[in-house]
Amino acid sequence: MVKMTIEEMAGYLDEVFPQVDGMFGIDRIDDELVVMRLLNHDRHLRPGGTVSGPAMFSLADVVAYVAVLAHVGREALAVTTHCSIDFMRKPEAGVDLLAEGRVLKMGRALAVIDVLLFSEGNRQPVAHASLTYSIPPKRTERAAG
Amino acid sequence: MVKMTIEEMAGYLDEVFPQVDGMFGIDRIDDELVVMRLLNHDRHLRPGGTVSGPAMFSLADVVAYVAVLAHVGREALAVTTHCSIDFMRKPEAGVDLLAEGRVLKMGRALAVIDVLLFSEGNRQPVAHASLTYSIPPKRTERAAG
Amino acid sequence: MVKMTIEEMAGYLDEVFPQVDGMFGIDRIDDELVVMRLLNHDRHLRPGGTVSGPAMFSLADVVAYVAVLAHVGREALAVTTHCSIDFMRKPEAGVDLLAEGRVLKMGRALAVIDVLLFSEGNRQPVAHASLTYSIPPKRTERAAG
Amino acid sequence: MVKMTIEEMAGYLDEVFPQVDGMFGIDRIDDELVVMRLLNHDRHLRPGGTVSGPAMFSLADVVAYVAVLAHVGREALAVTTHCSIDFMRKPEAGVDLLAEGRVLKMGRALAVIDVLLFSEGNRQPVAHASLTYSIPPKRTERAAG
């Protein structure tokens, strides 16, 4: 059961990552799926009008982070420990890049999230990523442990 | 045998990726190793003074790209097809983040590059990445093929 | 459109990989999905009754191979160039381990396949893998190229 | 500082993994490097005399496991949570396949190990893997925590 709404999540991201303000939009957060999009992506373009690899990585990383937060609640300390990403197709010019994140495992200490990136309106994936987040124990647990 | 000097490479990156101008410095290019650094990294900082995951990915990606170019020559079409990256330690505040790239395989169509990221002055790796670049056939080869 | 039936595929695997004869069963081959299972898996067990990591890797690898073959036809030279695999849960004892393979990209030279492993009767994934297969040009193409 | 000798480690592997008895040899265990080899590898051959992908995965996995054990001591519960492996060259026929494992991070809960596979006598890597092992807390710690 997700613990944060789109509005709560957007407010939280603005608070903890002010430097990416306006870079990402959140379309959907529920138990099955988190969907986000890369906004204002002109500044991420490479020659030929395509989105850069680092911008795609950023989008995959943030959708995984949001999927973890949605399940565990505000836990700003969750950190990426691993990402495997396959870049498969050139993103289409002139449309937004979307990312769908699915939680494959939400363990006590590790979460694994599967992410697919699409050009809006085309279901052939642009990239596919698997990310692992480490979820440090909460301060009270640590104090007790 | 590498085909481009540091100066030639720096000029080429400025030309094809003007949007990352001033973001990366090149310390070394030779047959064994490519070493680069993330410059002006204040703008890549996350709360707590650490470099963001996307900035580390960008640095790993560019050092792999430069390692490929150094071997095949100006071949702007080389594209990342895969990256696996492990984030292992928090980068140190106040020092540059360095990346060492080693070519593990330089095939006709695919190159595999191993990358280690360090905080300058500390050999314990901050992150470790393996990247695959696809090298499209040159236009003349394609025409013939 | 897949080019081989389950029977054709099973016969082909017996022919080219006689050493794994009887190790894997094929449940389904169609455009959307390939489903296979690890048979006789007593010999792959680790202490505690769980399937070993290498046996899970083998299953992920063969389902990806079959998914590629199903699309390109008998092409025994297709070779794994990369695999990223996350082991997430202990497989259940006493039931078969199943693998579902989905082709994410079927390019001219590279195919990317997503694989989920389950204990039969439980949809929580045991492991998740992404594999890349390299598809060498056919001999006639190579002769011409 | 490694905590187990080659003899102790070989005896321990025989005890916990009797099914792989005689499959692997240990050449070296010290703080810098663990070196192992795939023995009797006739039974792992694919058509053309090459070692199979699953056998290479097994070798990478065991060398990483041994590197973790060497650092933490007999801790049979250490489990692989992730492996990324690039297959780069065909192993040479008629010589042993060797694996070198280096610990990149030995954390409280996670260890990251870099592994290179070679054909004996040839330093061009056959495969390159990065593995993550999860190290569960010891029973006494868990009881306290």
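Each chain carries a letter (A, B, C and D) given by its place in the written order, and its residues are counted from 1.
Note that a contact is a pair of C-beta atoms (placed from the backbone, for glycine too) under 8 Å apart; a residue touches a chain by one contact, two chains touch by 3 or more.
The chain lineup, named per UniProt: A, B, C, D = PaaI family thioesterase.
Just so we're clear, the structure is a prediction, and the values are computed from it rather than from any experiment.
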Far-end chain from chain D, centres as C-alpha averages: A
B-D or B-C, whichever has more C-beta pairs in contact: B-D
Separation of mean Cα positions, chain B and chain A [Å, integer]: 23
Chain B and chain D: spacing of chain centres that average the CA atoms, whole Å: 28
Distance between chain centroids, defined by C-alpha means - chain B, chain C (Å): 33
Touching two or more other chains - residues of chain C: 81-82, 84, 86, 88, 132
Residue ranges of chain D touching chain A (in the complex, touch as defined): 81-82, 84, 109-110, 132, 134, 144-145
Footprint of chain A on chain B - complex, ascending: 16-17, 19, 43, 45-47, 53-54, 57-58, 61, 76, 79-88
Contact footprint of chain C on chain A as seen in their complex: 84, 86, 88-89, 104-105, 107, 112, 114, 125, 128, 130, 132
